[in-house]
Amino acid sequence: MLNRRQFLLGVGGGATLIGLGPLWGCAKSTREAPLIQTREEKWANSVCQLCPSGCGLRVRLVNGNPVTVAGNSLHPINRGGLCARGAASLQLYYDPDRLAGPVKRDQGVIGGWAPTSWKEAIDNVASRLQAVAVSPGRVAVIRGDGRNLTSQLLGRLARAAGSNWVVDMKAPADLAMEEVLAETHGTRGQLVQDLSNADVLLSLDSGLLEASANTMTLHRSFADMRSAGAYFVHAGPRLGVTGAKADEWLPIRPSTAGVFALGIAHMLIKEGYARVEFLRDHVSGFEDWTDDAGVQHPGVRSWILREFSPQRVAELTGADWDQIIRVARRFGSAQRPLAIGPMQGDTSFQTFDALAVHTLNVVAGAIDVPGGVLLARRAPFDDLDAPAGSQPDVATRARHSPSVEELADWVLQSKSPPIDLCFVHEADPVFTSPEGDKVADALRRIPFVVSTSPVMNDTAAVASVVLPGSLWLERRCDSITVDGNGYPVVSSSPPAAKPRADCRNIADVVLAVAKGAGDRIAQQFPWGSYEEVIKDRIELLLRSGVGDTLSAQHRSTWTQLLERSGWRAVSYNSAEALEAEIEKRGGWWDPAYYHGEWRRIVPRGDHRIDLQAVQFATQPESVARVEGPDDRLALYVYPELTLTTRGGVSLPYLQDLGSPLWQTSWVTSAEINPKTAVHLGLALGDTIKIKNDRGEVAAQVRVSPGIRPDVIAVHSGGGRVRGGRYAEGIGSNPLRLVKTEAAGDPRRVRRELTFVRIERVA
Amino acid sequence: MNSHHKPMPRPTDPLGQDWALVKPVVQSNPRFWFVVGVLLAGIALGATAYIHQVRTGLGVTGMNRPVYWGIYIINFVFFIGISHAGTLISAILRLANAEWRRAITRSAEVITVMVIVFGVSNVIFDLGRPDRAVFVLTHGRLQSPLLWDVCSISVYLTCSTIYLYLPLIPDIAILRDQANRRRWLYRILALGWQGTPRQYRLLEKGIGVLMVIVIPIAVSVHTVVSFVFAMTLQPMWHAAIFGPYFVVGAIFSGIAALIIAMAIIRWAYHLEGYLKQIHFNYLGILLLVMTLLWFYFTFAEYLTTWYGAEPVHMTVWWSKFSGRYAPQFWAMFCCCFVIPFLILSRQQTRTVAGTVVASIFITIGMWLERFVIVVPTVSNPRLPLDRGFYHPTWVEWSVLLGCFCFFILLYVLFTRFFPIVSIWEIQEGRMNATRELTERARAYLPDPPTHEAPVRGAGIPAPAAEGGLA
Amino acid sequence: MSRLLPLLLAGVLGGLLFCACEEAPPAVQPIAYNHKAHIDNGIACEACHETVQKAAAASVPTKDTCMLCHQAAITNSPEEEKVRRYAEKGEEIPWRRIYRVPDHVYFSHRRHVAVARIECAQCHGNVASLTSPASYPLVQQTMTWCLKCHQAHGATQDCIHCHR
Amino acid sequence: MARWGMVIDLNRCTACQGCITACHQENNVPPSNPMLAGQDRSIRWIDMMPMYEGEYPHTVMSLLPMMCQHCEHPPCIKVCPVGATFFSEEEGIVGQVYSRCIGCRYCTNACPYTVRQFNWFEPDVPDTYRESTNPDVSVRYKGVVEKCTFCNHRLMQARDTARAEGRNLLPGEFVPACVEACPTKAMVFGDLEDPESEVAKQARSKRAFRLMEDLGTEPKVYYLREGRGQ
């Protein structure tokens, strides 16, 4: 008989039909039965380029369309894992605002850009390069960092044209670290903190878990360290994610990390925790010494003991002096202590801080030991942009790679533009540099600027021609980096998916430009295409006789023993076999690190770390913060992990995440201490204007007990002018308020600490 | 019911005295169309708001995560609350044989039937997928309190509709014979009513049965509406008091609504002769009792929460007393207790106007009470996620306005189709009321002493001097 | 009660109509494929629908599979000519879908055919007897229909297995 | 019979939010936009929940990845009027049937963890992203509740393959997208009923705790307390 369900369906159905009958009829006839599509799936390798880590990717393709990006479990950098940016990189491939093809500036056309062909653009650039290369120093390259062959080829192009203007858009802290390394060790290279073996970690305003560079190596070794039960102290004006994960948070004033480090060093020396044998054997300039002319020179030891007593440091940094003593004792008595200085230094940063933290590590003997600071081993071939033939020695290269602000100053100061041709690759200096407007003016003054951004970002907007580079999913891609243990890793993978726009591999473009720019430059580029460059590198890997293709994690001591005894079980015997293995597994690595190679770590003079350079005749007060007027707050700008990508790309998934501390996204947040909020009459969610003499920035208030009362913390990564619908006009850019390098300052300040006024917007 | 009811003679000139009751039905007056026009405008606004919401999605309302429920659910509880006016009051008064019920029972029952429709439709407005509303019937899960609601409300709707329709039949018969228009409609609806004693006996028995059934159903409806909230683990929802608290709140807002409705029809149709001062006075007393009862339940709930001081509950508690929802809470408290108590407790202010003013405050107060129950709990979830902020949008307010206008429109249309005061009960009252009252009074008073005086000397001392006892 | 009956009947009639016309519109196939002729020549279902044993979706034969036999004309019917025309154009034959699994449902042929050994006809109806392609599904595949079969064979009725 | 569960080691979790992006990419969760985010309506199947304790300067904060806890006695399933959300007796996973949900949002209010999300609008995803939808997971539309499903579509495919090869499910063969993507391997996933499985062992650790255990919902996501005890 009729049960409840059929009866109601009948009544309901009857009524709906009577109502929808006519409507239903006409809708039906237009629809076609759907086609039968078979579904074929396959996986392909790739290498992520959204940050210098260069993680190995596995891309799942359904009917040729990439659908999922996961981690390559064989790759030593990420071991199958993927940070927020890696997983979101798929959205750049499908970005609706990608440039369809190369465009050149043309005032006649609305919007100012007219499409152009690749051939015409390359010939134009090649002819200009040939004309310009006659006199040295007329070409500049601004690139993300030299960690993949394309950037190195661009660097080589500039070197071939006789110019040293190869600007890496590295964070100020990285540039300062290069300078410290050059002065104390006399070498260039990459310092790696072996966190996983440290048992007490002291973070000095490091932003370890918020730093946007080589995310994967830091996060994974940090997790291993915490699982091994290490004690972690974070000293910094803001709690943040790093402080949240710490056992102890010491709120110190911004830009006092260096003073705090030397305060700790003072206690280590005074209470005998300093590693005496290490200092005796491998360090010079620590004790007082007399030079051969009999002149008495005070060593760093006496300078630290004299100047950085805990009481004085406590008064400068705002921490309690008994806390400093307790942390110093904990740090000194550890088996494998390690200190990490600022990794970004977007705000209030000076080279002194990097130097002071390095000195602390030297005093604690944490250089080139397990759980200490390691100088990563290099891949067995020179960088492409190194001058041909000579060993990469410091003497012939500039003391440190120039910063983009220096380039902009130089271009704007000289009467006629000193640079005629500028390449911008995987970088967005107009957005990421605090002097963005100055950089934009400089680029406008340069007659011809080539940008390789796939999306029309802030820098591309001021370029003369934009040649959209194909993304790593669409081309053969590579990356030359180091992993958390200092092992060199070279990754390379064939194209995973078909290109979605008329874009080309920028390496091929550079080679084509070099070929067309006259034989003086062409003979520096003995390769026909990017594939040949890869083959050449693989040939060098084979000839080096070290390392192996990527494999599952295994004890590195075993490989050291084998290699020492000259025995290698390698999975390839010819270049073709190695290439096939690399293509299948995703790359090559050399899982061995030899401690005690002082000749490699300190190539200068008597292979002893020279602390003499540290000797700043400066008082602690001069390097600590200047007291701001009481109604102003110190502006502390920090990078948000999800919002800072290499090349300034903005993706909806990343904008959607925002900060893990607040459930807000698509907006720039300013953290304020509860007492300060009450004092200024602000509440959670209010919109405020942050002002100083350089401009004003809007932000939303977040009241947080995790920040000092005299500091306001604003994350960078928002406020782009161009960059597609997921970037334009979203959030605001606090970097605009930050002052940059004051030339000729002994402290070599790279970012001046600024004080800001807060105004509530109704 | 009195058993020896004499058969009522067929009324010879039924409309003579009660012409005022039938006038609205037979005579059209110009103001009617103006009122309908205004109401239709309100309904149109509500309809456009709802269509906009269906096309764009629930995002046009002010609700978000975690504030998943808002004005629609408040409307649902509010309208179902008002629906208790009818059946509960008219049923209880009939059961208690209170003679003064005769003039007000029908207007109460009409409120019930008309307003339940809007209670239920507000749930449909709240659905993300209204086109799948039939799933509740075809794939219903009885374990869900929402299904208990569906069952009890549908039973309540059918029961109160029949409870409205039965006493209406004699009046429809009168209209069938006397009215000058729509006779065909009245002939169908009168179901062949001739007024024979047998028909009256059956009618009285029918009303008697329904009157007894509808009271537990009405109580069950609002208990089950409260279970929608009480059965969750949310702070200040998961409490045992919710059942009775909602029923008291329902009766409370029901009587208030009834008083307002009676005052309006009294003014509009000049029924001062039928809805007299005494009715408003008695209902005012009933309202006073309910105000105190409501205060008692509210006091009990908030005291137990405050005294228990569980942190999760206290977050919601403080958000009501001194936090973001303090204005609504204290407005509710004044509207539901302070003002009505002051007006209704003094004889000279418990006039028609006084009770109406009190009722308007109570209606607003009770809507705020539902707001203060739903929104603070939903916007302060257990986990320290960001607190939710709820700012209702024009869509929600216009749907609320639309519902009110539609309800008033239906009520007005009812008064144009059927007499709002039950004619035959008034006439029956005129004829039998005085006799029945005296019989009943005699039944209550103590029996006269037995016929002879008590025998003296049987151990009962003789009264002293005759005057001593006086 | 007498008045209610007509209303009820109208409701039921409307309901049935409602279910019938909810179906996918009639499928017009590009080629009037004759199942019966192929099966009579001893070709099993798996020969053309290869992945029925190996994957969730049973694939439709590609033009290359057809060309295995139809390189040269076997019969003189114009329909067969179309196969070769598609092959020359190098375009797959645009077959239309009749049996459609809703996109919120996960159905694995391999699970039903390879493991549970269910006959094709049980779900797809008597396709073997068709000489011209059907434009309507021969079997009304609704959720209650699936559950009835699951109940009969004691297979799981947990929602997680089919709803994704 | 299986009781899938997860253990998240808060020592190893560095709040990089890689799990959230991997989950949203796998399950076709549409990215929100400034308007939705401003109105608290962006859909997040996993959300970082900050928990502050103490006053400045002795502030202690922990960051918990919050997803559906797949309770053993889920309060959300009891209240659903149409059976649009179910508890799989065989897998112990709380699933959603998007084709039946009427959007009454009763379950979102009944869940004490507020992890259920609602589609307030039709997801506005540009056409170019349509090609990147994962075909294994259905795309939701406006008016429907959705939440973390422990990627049960992966479970069904793994079960299907295992059954076709005539063997049981291997440990680690079925892992949700978040666990697979976690860069620091802070998340361990598996069958809690198998005492030898890694997840069962870690769930028994002294550092293990669950959120709001006193409510009796028996959540199956365990967290390992931060800090250096064992």
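A, B, C and D label the chains in the order they appear, each numbered from 1.
Methods note: a contact is a pair of C-beta atoms (placed from the backbone, for glycine too) under 8 Å apart; a residue touches a chain by one contact, two chains touch by 3 or more.
The model shown is predicted, which means the values in this text are computed figures rather than measured ones.
Where touching is counted per the definition, the chains common to chain A and chain B are D.
The interface with the greater count of contacting C-beta pairs, when A-D is set against C-D, is A-D. Rounded to whole angstrom, the centroid-to-centroid distance between chain A and chain D, based on C-alpha atoms, equals 31 Å. Centre-to-centre, using mean CA coordinates, chain A is 55 Å away from chain C.
Mean C-alpha positions place chain C and chain D at a centre distance of 36 Å. Each of the following residues of chain B touches two or more other chains: 385-386. Chain A has residues 9, 12, 39, 662-663 in contact with two or more other chains. Not a single residue in chain C touches at least two other chains.
By the touch criterion stated above, chain B contacts chain D in their complex at residues 56-59, 63-66, 68-69, 123, 126-130, 132-133, 135-136, 139-141, 143-147, 150, 228, 231-234, 378, 381-386, 388-389.
Chain C makes touch with chain A in their complex at residues 8, 10-19, 21, 24-28, 51, 57, 59-60, 62, 94-98, 100.
Per the touch definition, chain A reaches chain D in the complex via residues 39, 62, 65-71, 78-88, 90-91, 93-96, 209, 215-216, 219-220, 222-223, 226-227, 229-231, 239, 241, 243-245, 247, 249, 251, 500, 641-642, 652-658, 660-667, 673-675, 704-709, 726, 730. The touching residues of chain A, when paired with chain C in their complex, are 2, 6-7, 9-18, 24, 28-29, 31-36, 38-39. Within the complex, the chain C residues that touch chain D are 56, 102-104, 106, 108, 110-111, 114-115, 156, 158-161, 163-164.
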